[in-house]
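In this document, chain identifiers A, B, C and D correspond to the written order of the chains, with residue numbering beginning at 1 in each.
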Amino acid sequence: MNHVRILPVTRRDVMRLLGIGGGAAIGASLPGFEALAQSRKETLVIGMDIRDTNNLDPARDLHYTPPMTIHACYDTLLTMTPGDYINLKPALATKWARTPDGKGWRFTLRDNVKFVTGNTMTAQDVKYSLDRVNYIGYQASQYLTNVTEVKVIDDKTIDVMLKNPAEPILTILAAPSFSITDSKLVAANGGDATTDSKTKDKATEWLNQTSVGTGPYKLAEWQRGSQIQLVANPSYWGGKPPYQRVVVRHFEDAAAQLLSLRRGDIDCAFNLLPEQIATLKGEKDIGVEGHASLDFIYIALSHNPEFNKALAVKEARQAIAHAIDYDGIIKNLIGGAGTRPVSFIPTGLLGSTEKLTQEIGFREDIPRAKQLLQKAGFPDGFEFEIIYGNGAIAGTTYHVLGQKLQSDLARVGIKLKLGPMPQVNLRTLYNGGKMSATLVYWNPPAVENALWSWATVQRVAKRLHWTPPADLVKLVDAAAVETDQKKAEQLYIEYQKQMVDVANLIVLFQPIYQVGVRRSIKDFPLTAAGWQLDVGGVKPS
Amino acid sequence: MSEASAPILDATPFEPRARTSGQRWRRRYGLAVIGAAIIVIWIVVALAAPLLAHYPPHAVDVTVRLLPPSAAHWLGTDPLGRDVYSRLLFGARVSLFAGITVVVLGAIFGTLLGGIAAYAGGRIEEGLMRFTDLMLCFPPIILAMAIAAAMGIGTINTMIAMLIVWWPKFARLARSLVLVQRSQEYVEAAHLIGYGPSRVLLKHILPNSIGPLIVLVTLDVGHAIIVFSGLSFLGLGVVPPTPEWGAMVSENRELVEQWWGATFPGLAILTVVMGFNFLGDGIRDWLDPRARRR
Amino acid sequence: MPAAAKEPVQPILEVRDLRTHFDTDAGVVRAVDGVSFHVMPGETLGLVGESGSGKSVTALSIMRLLQDQSRIAGGSILFCGRDIVTMDAEQIRALRGDQMAMVFQDPMTSLNPVLRIARQLVETMVIHGRRDRNSALGHAVQLLGRMGITAPERAVDSYPHQFSGGMRQRVMLAMGFSNEPALLLADEPTTALDVTIQAQILDLLRELNTDFGAAVILISHDLGVIANVCSRVVVMYAGEVVEEGPTEALLSDPKHPYTWALLNAVPRLDRYIPGQRRLTTIEGMPPDSHQWPRGCRFAARCPFRVEACTEHPELLPVGPTRHSRCWVTQTGQSLPKPALPLVAPAAVKKVPAADREVMLEIKGLIKHFPVPKQNFFAPREAVHAVDGVDLIVRKGETVGLVGESGCGKSTLARLIVRIHEPDAGLIKFTGHDITHASAAEMRPLRRRIQMIFQDPYASLNPRMMVRDILAEPIRFHGLTDDEAGTQRRVEELLGLVGLSSTTAAKYPHEFSGGQRQRISIARALAVTPDLIVADEPISSLDVNIQAQIINLLIDLQERLHLTYLFIAHDLAVVRYISDRVVVLYLGKVMEIAPAEALFDRPLHPYTRSLISAVPIPDAAIERMRQRIHLQGEPPSALNPPSGCRFRTRCPMAAARCAAEEPVLHEYRPDHWAACHFTERV
Amino acid sequence: MLRYLTSRIVATFVMALLATLIVFLIVSLVPGDPVLSQLGDMAASNPEIVKAYRAKWGLDLPLYEQYWIFLTRLLNGDLGISITSQRPVMADIAQYAPATIELGTIAFILSVVIGVPFGIAAAVARDSWIDHSARFISLIGVSSPVFWLAFIMLTVFYGWLQIAPGPGRLDPIDLPPPRVTGAFLIDSALASRWDLLHTAVAHLVLPSIVLCAATLGLITRTTRASMLDTLGQDYVRVARAKGLRERAVIVAHALPNALIPVVTLGGLAYANLLTGTVMTETIFSWPGLGLYTFRSALALDIPAIMGMTLVFAFVYLLINLLVDLSYAVLDPRVLKR
């Protein structure tokens, strides 16, 4: 039995625990430790809570952490560089323009790009990949509803035809969901890109264990709930990647993550709490990288009087919006690591800046809130329940936020009833529009203003039992198809003004994610475009 | 002391003769006494929480969050600037209430069921005991988790879930105890008087079986407190902002630098559970004839 | 008698002024307080005394097997000249099981349940280097054979639980003799066994003593057993030796009042005095072991008390081979025979049995207890506890019910009082059919049938004060109009059973066994019943207390005109107390007859062997007696033998016995028996 | 023997069947509709997808039919599709089980190897310092909440003293050994990757200590109690009377009897260790069944939760069966009365 062999060792380690053998880290006493140390230098270890990673198949990616891995293994036609989410950059496509008939877009593919499998990438692969995403019917497919057809013109040219040519598609295609996969191998391993791929496609399990993309790294192994192993893709068209191996290490909680970072077991920690970040300040071999995300945490208030009479009244909603201590939340609860957009369009996108928030956004104003309550006909406040998931977000947790709101609203006599529940139930109730109020976060499927603004007047509105005024809907559509940036910006500002007046979506903050990074790393290109980190761009110092 | 030792006295078939020698007395009952003392202290704390607390348990003030222990905040503050000390005191109420209620109810229910089974015998006994065994083959925590998850989070729901997994062992114990007593001659004598089964069960058998039951109850209250706080720790227990020790630990367990947030509630659990274990173990010794002889 | 005992040689064991003390919470108990005696090689010494007299502790002291809270406080134990008291652990260990062995009281718990017999026998021999494993095993088989175990080759490979009590005691004896020890201590070796088995074991013990020439110390409370086996007796009382001498002399002419009391307290099968309605008893109980009285420890209970008794007497010679610790007999005079009032048998006894009105009538009563299945496929088995019993109890008489353990007598009692419900048959109580009476129907009758239980420690609810125990039935049946009345009744009852009314406020554990038995009698009387079923009410009591209780029962019967169904395994007692006797075997009636008839002219072979198995406290008689030996043990009640249940052990069994079951037939007036060959008797 | 064996097995099987019913009943009493929430925001508002989903899960059928489906699936080792991980619960369990078994087994071995001798010593040297310390330690062990103990251990030994490795089964940079059994100790040994074996062992130290704390106490106390009980038996006195050395008396005569109840408890304890890993694994981010169960519970992943509950129930039954069988070996009285 194995135990026979183990016990003496265990005893030795127990001795260590008891202090004998000094503080020597366990590995240090081992022969061949140098070798390990060597390989350690060529390995990038990312500490992150990846419990939500359920699959690494681009076509089925719908959660929060997979995009980083997918983006490291695959490329999309176009992409975005960190910080600039308005101007697209070429990736697998070098040129793109309207099709001659203007009904779609024509992409010219990069020359001799090889898949990690050795095959060369062709327009055929592009069509296959996009079709597969479209027909498999997962979340990403919803963004392709405007696509009528993906046409192969020749090996290096491909057209994407649209129902409404004006609606945006380029920004969407930059999302990792629309990564280009090696069609031959995917097909060979159960992949299907026909109209009934929803039932026929069986490639996911396979794609969960390997990757067939053109990206800088290749998926070597994925141990669920434990870690993801990537190895360098020598034939990467962008040049040899800086690391031999990349390990995405799962951490259940922040404490362990911080400890591991301190000990150098990991090179960067994604899920640190504000106070942990604070303690990192001034440590000589650990720095803090921040990046403003495009996510935000917001309150949604239902218009349905059956759930709550008060919330159905506009002034009552506005009163809530004015009773919240936004600065307290941002400065204290999340240690200042956040900005706040006016409404549903994150700062950093077209027509959304922090300055604008100061001008037209909600602000804490207790007297005003009281007046509004008077106007609403609830002079001495009212009670309503807010539901939220029992998860952590942006270095704090919903239920900390909830309890903060509770005490804030209490100041104007509004009683807040807290309803924490599994994230999943929350979604059920929210999506079904079966709640009076909720506290949730929004993260971008792809960087495109319209995806946000449409949501507010379409499905989100439905959940809130709110029929948006016709002109507001028109306004949103207009903004979406407007190609002139200046004009578009004005339209979006107008849109946000109106949303503020309706006051059914109150954004609390837009977190600036802060990542603890060891100084052994020079470049650490974080991005808000949806995949958090440009793994390919991480370079050692 | 007295109230704690009252049940012990009537649990033992013999008068504690040892009062004669203080030293022996301490050797034999010392543990129980310490345990009882701890419990009494905690109960007092729970009842007097409003008086002892420095702040209301829900007073949120984000400007003073995560302060280390100080004169103002004896045990520091948590991420919402609430006073850990005050929350700890109020937490005692929740934990003790939950623990004691679950076990006592479970014990009553289980004992009656087991008693009836043992007494009725035959088909009824078969059925009841099979069912008990069935319940016993589910790991308590997992089943409690499942039920709690199924019924939705909340103190009461969690307690119900625990109750469902708690009664069987009492049923089993009670049954074995009653079986022992049932064949005793004094029980037959009671029958000869003309008493009906229920009266014999309650008046004669249970009083004589109570000892081991009390031991199990005492030990189990501790265990129940751990399980309950465990479920809260996993987010399946109380609804925030209810101050509950397990919940407090989980709220603060990520803050290694701010160790106070998680450490003190943990210590609270440890001490109170120790109290119950000491007491229970002490009582067990007390009832143990071998121990009494010496 | 082994010749060795006579020759003047060095004693093999000499105990001098042994003092063994227990440390308890309540202080030091001087359990053995200056005991001295000796044992000659090959001699058989009897150690007699009631419980608490210190006889077992003495034995354990000799083996140095005392519990950790007890210690040898003084004196010396010379074994072959070496002092055991001062030996170190290793020396005494080398001695144990080698030169001196011990056999304990309860064979059921004395063998290790998870080890094979062979292993347990062999290790004794191997550990002392007497033999190597193989020869040891051979010897073990041979020994078992010698101990009368059939098929010893198979026996050694089996586990203890496959053996009955008697068998196990044989194994224990084999273990004791496996190293041919010079001394064997046997602590109540037969107390836990039935009388027929006891006879077998005692015979065996005697033979072994002669064959192996090992000296034997036999510890017992039963003078009969002692008389059966021992050549010399040491009587212990309150931690000291009170009398010592050759069995025959000592039993015929006791020189110490205590011995005298012991002898006269037990009714004797061989001398039944018609009309004797009382047994000689000494009042009170042994003194408190925490501090013995300063004077003679027996004085308080002694009928021959003189002033000198306030002073502690020494164990002094009275006659050539005898010693006694008594001032009265110092002069060598004997103690008078007890003068007992011989009342004319109560009038009621005159009326011929048949004419008295029937109180209880039982026909073909059957009760089987299903045993839990061993596994899914096993057939449901059942213990045939009571298997077709016919019985009649008439008003005012005492019917004795005898039989070995497992014969169903206790079950029968519980059927009659309807704690159990019969499977079949008929129970009629004063005309009412109560065979299947519901609890409600029984309730009024409960008043009229009551029961006295065997174990005085288990029969009283430890949680209740005596007052409540007695008041409970009174209140339940509303026998008194008010609480005051109830309390009066309680005191009255206590008086009736000879307890002071102050005891009402005490809890059972504060009483001695005898007192408890009185309380449970009082409880039975509380409802003024007509019939009392007494289930071995005296079997767990010391002889003197037994006598007290028997006397009490007889008093009560006379005063309250009670009817008794008296269950016991002690035939002497049964004969003494009963008008008619019923003999049960494996759930069936073997014989029913008036006491005299049954004991003087028994018809059934089983009855005869039972009677002959009873040891009599008279060495002379014991030596003369011609015994009928029963083979083996009662078969399992799970599947009793076909035909006559007794045939498997019957000395006169024939083919017919297996084929057809003998019916209970009246061979003489009022004398019934179930046997095919009664005429041969 | 064979009869006993088969009858035990049959009994176990019956219990298992009943267990499935219980689990199913719990499932059917879950409020709300977990299906809707599983399709992502947009798809949830798409009726036919939802319908397809409901059909796939057989949620529109009456209860008893659902139970039948449930049973038949179960017989094919199909516990349904985990809602969160989107793959067969069986696959998940198969994947997470080895980690838990490894941890639980080590913890079990620890508590037995320490607890039994400790208990024996305590009983033999009753009321000595050994006895008292044994009792005290075990009481502390039973009293400390696992989740807290784990937290403290991790903070102290990993965070402050830095003498213990961090959470997880291996150091972050280590690639796990080629999967044979899934238990790293065995696999790394098979692959003769001694460095990995060492790391794996090191990573096991803290969690196993935390895990076995309570069990250790339990086993110590039980061993002590039953040993005391046995030492009071007549046959032990007889053994002494035979002149056996004290060690022989204890080891050869008392122990075999004293161990019988300990075995029962041991079985139960092992089952508890396997199922009690929820909190330990959560804090040591140990990718085992405990962690899986925890996540599933939080996400109200009903198929997963119930799958786990069922599996754990089966584990219980199985271990109890083994205990019963071991009786047959330990105690001759069991076989024939």
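Definition applied: contacts are C-beta pairs under 8 Å (C-beta built on N, C-alpha and C of every residue); 3 or more make two chains touch, one makes a residue touch a chain.
Treat the numbers as computed from the prediction; the structure is a model and nothing was measured.
Student: Given the two chain pairs A-B and A-D, which is bridged by the higher number of C-beta pairs in contact?
Tutor: Between A-B and A-D, the larger count of C-beta pairs in contact belongs to A-D.
Student: How big is the gap, in whole Å, between where the Cα atoms of chain A centre and where those of chain B centre?
Tutor: 45
Student: Counting in whole Å, what is the centre-to-centre distance of chain A and chain D, each centre being its mean C-alpha position?
Tutor: The answer is 37 Å.
Student: Approximately how many whole Å separate the CA-defined centres of chain A and chain C?
Tutor: 88
Student: When the C-alpha atoms of chain B and chain D are each averaged to a single point, how far apart are the two points in Å?
Tutor: The separation of the two C-alpha centroids amounts to 23 Å.
Student: Do you know which chain D residues sit against two or more other chains?
Tutor: Only 155, 159, 282-283, 298, 300 qualify.
Student: For chain C, jot down the residues that touch at least 2 other chains.
Tutor: In chain C, nothing touches at least two other chains.
Student: Hey, what residues on chain A touch two or more of the other chains?
Tutor: 253, 255, 259, 390, 422
Student: Does the chain-touch network form a line, ring, star, complete graph or other?
Tutor: Basically it's none of the tidy shapes, so other.
Student: Every pair of chains that touch: which are they?
Tutor: A-B, A-D, B-C, B-D, C-D
Student: In their shared complex, at which residues does chain C touch chain B?
Tutor: Those in contact with chain B are residues 24-26, 69, 414, 417, 419, 439, 442-443, 446, 449-451, 453-455, 458-463, 472-473, 476-477, 507, 509, 520, 523, 527.
Student: Which chain C residues qualify as touching chain D in the complex?
Tutor: So the residues of chain C touching chain D come out as 63, 65, 89, 93-98, 101-102, 104, 106, 109-115, 123-124, 127-128, 159, 161-162, 172, 175, 371, 374-378.
Student: In their shared complex, at which residues does chain A touch chain B?
Tutor: 253-255, 258-259, 273, 275-276, 279, 325, 328-329, 332-333, 390, 396, 399-400, 402-404, 406-407, 418, 420-422
Student: Using the touch definition up top, name the residues of chain B that touch chain D in the complex.
Tutor: Contact set of chain B toward chain D: 27, 31, 130, 133-135, 137-139, 141-143, 145-152, 222-223, 226, 229-230, 233-236, 246, 249-250, 253, 256, 259, 262-263, 265-266, 269-270, 273-274, 277-278, 281, 290, 294.
Student: Going by the contact rule set out above, which residues of chain D touch chain C in the complex?
Tutor: Its residues touching chain C are 3-4, 6-8, 10-11, 233-235, 237-246, 248, 252-253, 256-257, 260, 330-333, 336-337.
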